[in-house]
Amino acid sequence: MSQLQKKAGLLTKAVAGVALGLSALTTAQAEDPIRIAYIEPLSGPFANVGEMGLFHFRYTADRINEEHGGIMGRPIEIVPMDNRQSPSESAQLVQRAIDQGIQFVSQGNGSNVAGAIVETVDRHNRRNPDRRALYLNYAAIDPALTNDRCSFWHFRFDAESRIKMAALSDFMMGEEDVKKVYLLNQDYSHGHVVAAEAKRMLAEKRPDVEIVGEVLHPIGQVRDFSPYISRIRQSGADSVITGNWGNDLTLLIREANSAGLDVNFYTYYGGGLGVPAAVGDRGIGTLFQITEWHSNLPVEQGWADNEEWLVGYKERHPETDWYYQRVYNMFMMLKAAIEADQSTDPLDVAMNLRGMEWESPTGTVYIREDDHQVHQDMYISVMAEQDGDQVKHDTENSGVGFRTVAKVDWQDTVLPTSCNMRMPR
Amino acid sequence: MLETITYSLLNGLLYGMLLFMLSSGLTLIFGMMGVLNFAHASFYMLGAYFAYTLGMYTGFWVALFLAPILVGALGAMTERWGLRHVHQHGHVPELLFTFGLAYVIEELVRLFYGTLPMNYRMPEGLDFTLFTVFGTSYPAFRAFILVVAVVMFVGLYLLLKKTRAGLIIQGSLSRPDIVAALGHNVPQVFMWVFAFGTALAALGGVVGGIHFVTEPGMAFMMGPIVFVVVVLGGLGSIPGALIASMIIGILQTFTLSVDFSIAHVGAWFGYAVPPDHLFATLWYLDSTRIAPVLPFLILVLTLIFRPRGIMGKREA
Amino acid sequence: MSQGNALTLSGLKKNFGRAEIIRGVDLDVRDGERHVIIGPNGAGKSTLFNLISGRMEVSAGEIKLFGKPIHNTPPHKVNRMGLSRSFQVTNLFQNMTTMQNLRCALLWGMGHKYAFWKLVNKQQEVTERAEQLMEQLNLTHRRDVPAGLLTYAEQRALEIGTTIGSGARVLLLDEPTAGMSRSESDEVVELIRQVTKDCTLVMVEHDLGVVFNLADRISVLVYGEIIATDAPENIRSNKAVQEAYLGTEVH
Amino acid sequence: MSTVQQETLAGSKSAGNIWVKRAWPWLACLVIALLAPTVLSSGHDIHMLSSMAIMMVFALAYNMLLGNTGLLSFGHAVYFGFGAYIAMHALRWSNNAVLDGTGYGVPIELIPLVGGLAGLFFGIIFGSFSTKKAGVVFAMISLGVVGLVEASSLAFTGFFGGEAGLFGDREDVNSLLGIEYGRSLTVYYLMVFWLFVCALLMFLLRKTPLGWMANAVRDNPERAQFVGYNTTTVRFMQFSLSAFFAGVAGGMFVLVEEIVTDEAIGFLLSGEVLLAAYIGGIGFFFGPIVGAALVVYLESNLSSISDAWLLYFGILFITVVMFAPMGIVGIIYQQWFNFRSGGWKGTIPARLYCTVTALIGLLGFICIVEMAYHYLRSWNPSAPMTLFVTTVDTTTALPWLVSVAILLVGLGLMLFHARPMLRRAVEAAGGNK
């Protein structure tokens, strides 16, 4: 067996060698695209989220290719890969992407998936220093990814959960009406973090605010939120903080509305896919969200280019809206990092991304060296009726959009990190 | 406290009635054909989607009747061209067939409707508040769901007790062999029962799709819990299904509405487990977090201790 | 052991709902005898067997096997205590061959129990005993034919073989000659006579020719009660039996 | 025809032949397994091969229940999952022991065994009450148990690691053989080793008194009781042993993935192993092996070729259930048996014709499905779509008409011309189909 094994091993090496030689030959050509693996659910229950992200990626790549000649004159190509929202499947796909010579993988939905990818990429780069890869995270916001479990090969372009909570609690600090807060979250790490941070930060910033109740519900399984609504009502809360997303948020707000519950919802994902359409005008004035961007921000701020960008997207995908402004930031910063050294080698790119401070059309974006967390201006907005003026754009053709109520400068969002980054040799 | 009980009863009643609409068809099919129809919740989903599509052309009220009929026709075809063919190989392949069918239906719904939730709303006429208790308004549509469910139960009961077709069905629930011996065309009876059962599920879908969300995952969400109801109620027993639906509906609502854990019981006796104890997680487990486990626990316990359920005549 | 009785039934009753099928049966089967139970259709013969073999629970009364109570004991335990039965309707492992059926019947009795660390084929004793049985049953030439494909008579023979295979000392045979031609049934009777030399036999039978040919004693079961138990010649002349049974029966 | 039969048929031949006859499939599989990485050499392919090995062990374990004992379980991933989680805890504990220098830890080669023991432990616990009855009751209990475990996996984050799962590192462990298992190829050979050990053990188990009585209990539980066996005990023991092997598969999974999440313990994986075993053929020892290979292959490759892969998957399963309940290996075996006994004589053209028309129909069907997905699911249906060798515009009628025509011609020819022709040919040859 050992003989056979050796032979097999030799053969593999030979084959791999040839393949490597070939790929080296082909990468030398200028027209060869820079490929980014897009690892998201494209089938199964979460496919809608993955699909919308893919629209964003393709739209951004196409426009950068058209308007900026891609990266170093090479076009960007998005390689979609379906992970079915499974961490282990994603780990396999990272492997497959690397096999195909892809150097950049991107993902955002699900911190559990993100954790698996960080682990896989980290391990792979350690074991195969000759074929490294870089992980660009555009939406997974678990603080651990830039703290205890941080990795040199991971960059996060969305604000992590604690940053969002810090901004949200800053805003609530100024709201005199907020007296009694109820915490309703999904029973998994994201929900746990939101609940814990909300408690900690509110206690710090508004000791007079009372947390009148806290509940964790199973993720994605509750169809009828009425029991929760009755709990909220009995607690006498005037505000609810929730990290819920998707159906868990939609159903919550619809139920609150039909039961006539009069509270404000402070959310992470109030403008997320499917929510505005399902909530409709029931969220006007009561549904708040914390994001780095929303579709009426360019109107309010007078960013014409940015507005043109989102209108362009809407023309191409009338059924969805431009939502992930950070995808644009991510691509542009990647472009800058690659072009700085004219190298796509993940190590060079990572070194250039670290500490990068980039002026985007929507303000400064800064990547902290310590933990590879992006910092950018954050906005709190509230659902409002489309009025053609400040609330010019609605979301998901629902007749309601978002209006900014507060801005937090990126300098104010910087939080300490426990990351002890292992640098590559 | 009174508030909690009132809300929980009202909400639990509604949830239970929706469960009943799904499980009554399944219990008929299960009790009579012995087929554990995994795709039953998929027909419920089809009911919601069909009603949504039809509703755009005909309005809600026509769709309320048309969608179940369409789904029932699909059910009949499923029995005629699928199940009947598999029947000769025994019960396991039948079960597996419906298992595969659930897969395919979900994927087809995704293909035609996409993965986003549908904007399936209640008719304007029912969009008002019926009454208000303790400051919580009770929407009229919920009362409508209750009415539909009660009408369905009464209709079903009369059908089974008072009509010839009902007698045949009842007969085959207890002794399928005798019905065949009496010269009835059993395959045809099966087909009608399957069509009827799926149509009932679809009716549940028409109203459930509005109350909950109409999306491709809705079948998978409901599937296991409907089994629990059917097993707890007893195979083939419509009243059993009703009672079990109520029990599950109210129980689930209560566990969600109250804040409770074993630690509370311990506290009455002045005992507490230290937080770093091996069983601390279990000890301090909140009742809302037990809620999703509860149906499965009931399922397992029922099957172990009373396999014929509350009202069933035969064992599963 | 109670006075050489293999099987003792006392005050045995069984009812299904309100219907009394067995209405107080007392019966002693002596060790080593061939005891045949006869009776009209619906007299409760099969039910009686089902009670004895543990297939059904008794409503009242008791059953003792060599002095030990066996009523309401699960069938496998009754079997291990030394009582084995056959069925009226052929009840074999249809997909297994003759040889495999016999081996299955032998495994427990030869102490292999639930072993998962030894191979069946390597157990020489089992194989030899199975082959010996097969020889007795006259099925050697059908060794590797699945039981489902054997002829009816062969299946009945195999059924008997499976029943005696476990090494039981008391055998219950439920109509072993049912549905057979005269010559076939003669062969089976001969077979039974041969293979039950050393054990106690309790048998239900319709064919009176077979009954009087084989039985040491006969019991007559009518409407859930035993109206007579005696030697064949005495039964033949028993008035009550003639009235209740022989007069009305077609056989 | 059951495998037990074939074995006895083979058993009547002379002793020298038996060994060759029995050993050749195993040797062939071993050679294939050892040489496979030379052809499928990319990292992803090797990972796929390892996954196949894991799934094969799992599917074989599953078939100890479904095929051998007649127990249909919807929740066997529970034992796979517990095996995986406990093996992962063992791996992490060993990682710490090695990194701290405080101990030796569990050697990596034995991690799957840890998983197996964990599977056995939980198999005994859950089996003790769920095997009391067979049939639908058992199936429903298994459904309840998997629901119970899956729903509580998120509540007990200490053990299950929450939805992020648990990570371990296969490099920082001691090895009995002193081998570094960083490379996926090395791990693959370890998987092959465990696959063969497990497969051989499970194969032999079928031939033990317990294995025989499992078949007996499946076919005729009543008779089994009357030859002295407690059917509950037989089911329970088979169940526990099956859980053991499922646990081994879980332990193997840990070494390949180095991550365990709740998907290793839930409904989906339970359904997947059922599909694998059934599609392969539950009446044959090699059925689940073939099924597992096919399912893993489709999952890791079809999903990148077609958006409709889940639909194809479901349709494949339904087709097997409806028309080939003996599974793929069943069909192959039947045809091979037929071929050997001369049943193909004179019918080969008809068979070929039948196959070709079926394939044409299938082609038409695939074209329709692919175009439907493009038309309904892509953001720009009028964008040109590559379909096999051509490029089509799905907003025009022509490609649809052509596809429907292909489907109808293929299916029609098969149903109304080729099949009757085959039937006639078979009748003429005097054999059975």
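Note that the chains take the letters A, B, C and D in the order they are written out, and that residue 1 is the start of every chain.
Definition applied: a contact is a pair of C-beta atoms (placed from the backbone, for glycine too) under 8 Å apart; a residue touches a chain by one contact, two chains touch by 3 or more.
Treat the numbers as computed from the prediction; the structure is a model and nothing was measured.
Participant: In how few steps can one go from subunit A to subunit C if every step must land on a touching chain?
Facilitator: So the least number of steps between the two chains is 2.
Participant: Starting from the defined contact criterion, work out which chains touch subunit B and subunit D both, please.
Facilitator: Touching subunit B and subunit D alike, sorted by label: A.
Participant: Taking the mean of the CA coordinates per chain, how far is subunit A from subunit D in Å?
Facilitator: 36
Participant: Let me have the rounded angstrom distance from the C-alpha centre of subunit B over to the C-alpha centre of subunit C, please.
Facilitator: The separation of the two C-alpha centroids amounts to 49 Å.
Participant: Averaging only over C-alpha atoms, locate the centres of subunit C and subunit D and give their separation in whole Å.
Facilitator: Chain centroid spacing, subunit C to subunit D, equals 44 Å.
Participant: Counting only residues that touch at least 2 other chains, which ones in subunit C make the list?
Facilitator: none
Participant: Using the touch rule from the top of the page, what residues of subunit B touch 2 or more other chains?
Facilitator: 114, 289, 292
Participant: Give me the residues of subunit A that touch two or more other chains.
Facilitator: Residues 43, 187, 218 of subunit A each touch two or more of the other chains.
Participant: So which chains actually touch one another? I want all the pairs, not just one.
Facilitator: A-B, A-D, B-D, C-D
Participant: Under the touch definition given earlier, write down the residues of subunit D that touch subunit A in their complex.
Facilitator: Listed in rising order, the residues are 34-35, 37-38, 41-45, 47-48, 51, 151, 154-155, 162-165, 167, 169, 171, 182-183, 185, 189, 257-259, 261, 263-264, 300, 303-304, 307, 309-310, 379.
Participant: Quick check on the complex: what are the subunit A residues that touch subunit B?
Facilitator: For this pair, the touching residues of subunit A are 43, 45-48, 51, 187, 213, 215-218, 220-221, 223-224, 226-231, 233-234, 247, 250-251, 258-261, 273-274, 277-278.
Participant: Which stretch or stretches of subunit A touch subunit D in the complex?
Facilitator: Listed in rising order, the residues of subunit A that touch subunit D are 1, 4-5, 8-9, 11-12, 15-16, 19, 42-44, 55, 81-82, 84, 86-88, 91-92, 95-96, 98-99, 110-112, 115-116, 119-120, 123, 127, 142, 144, 187-189, 218-219, 316-317.
Participant: Help me check something: in the complex, which residues belonging to subunit C touch subunit D?
Facilitator: Within the complex, subunit C touches subunit D at residues 53, 55, 74-77, 79-80, 84-85, 91-97, 99-100, 103-105, 107-109, 112-121, 144, 146, 162-163, 165-166.
Participant: Of all residues in subunit D, which touch subunit C in the complex?
Facilitator: Per the stated touch rule, the residues are 2, 4-5, 8-9, 11-12, 204-205, 207-213, 215-216, 219-220, 222-231, 233-234, 237, 241.
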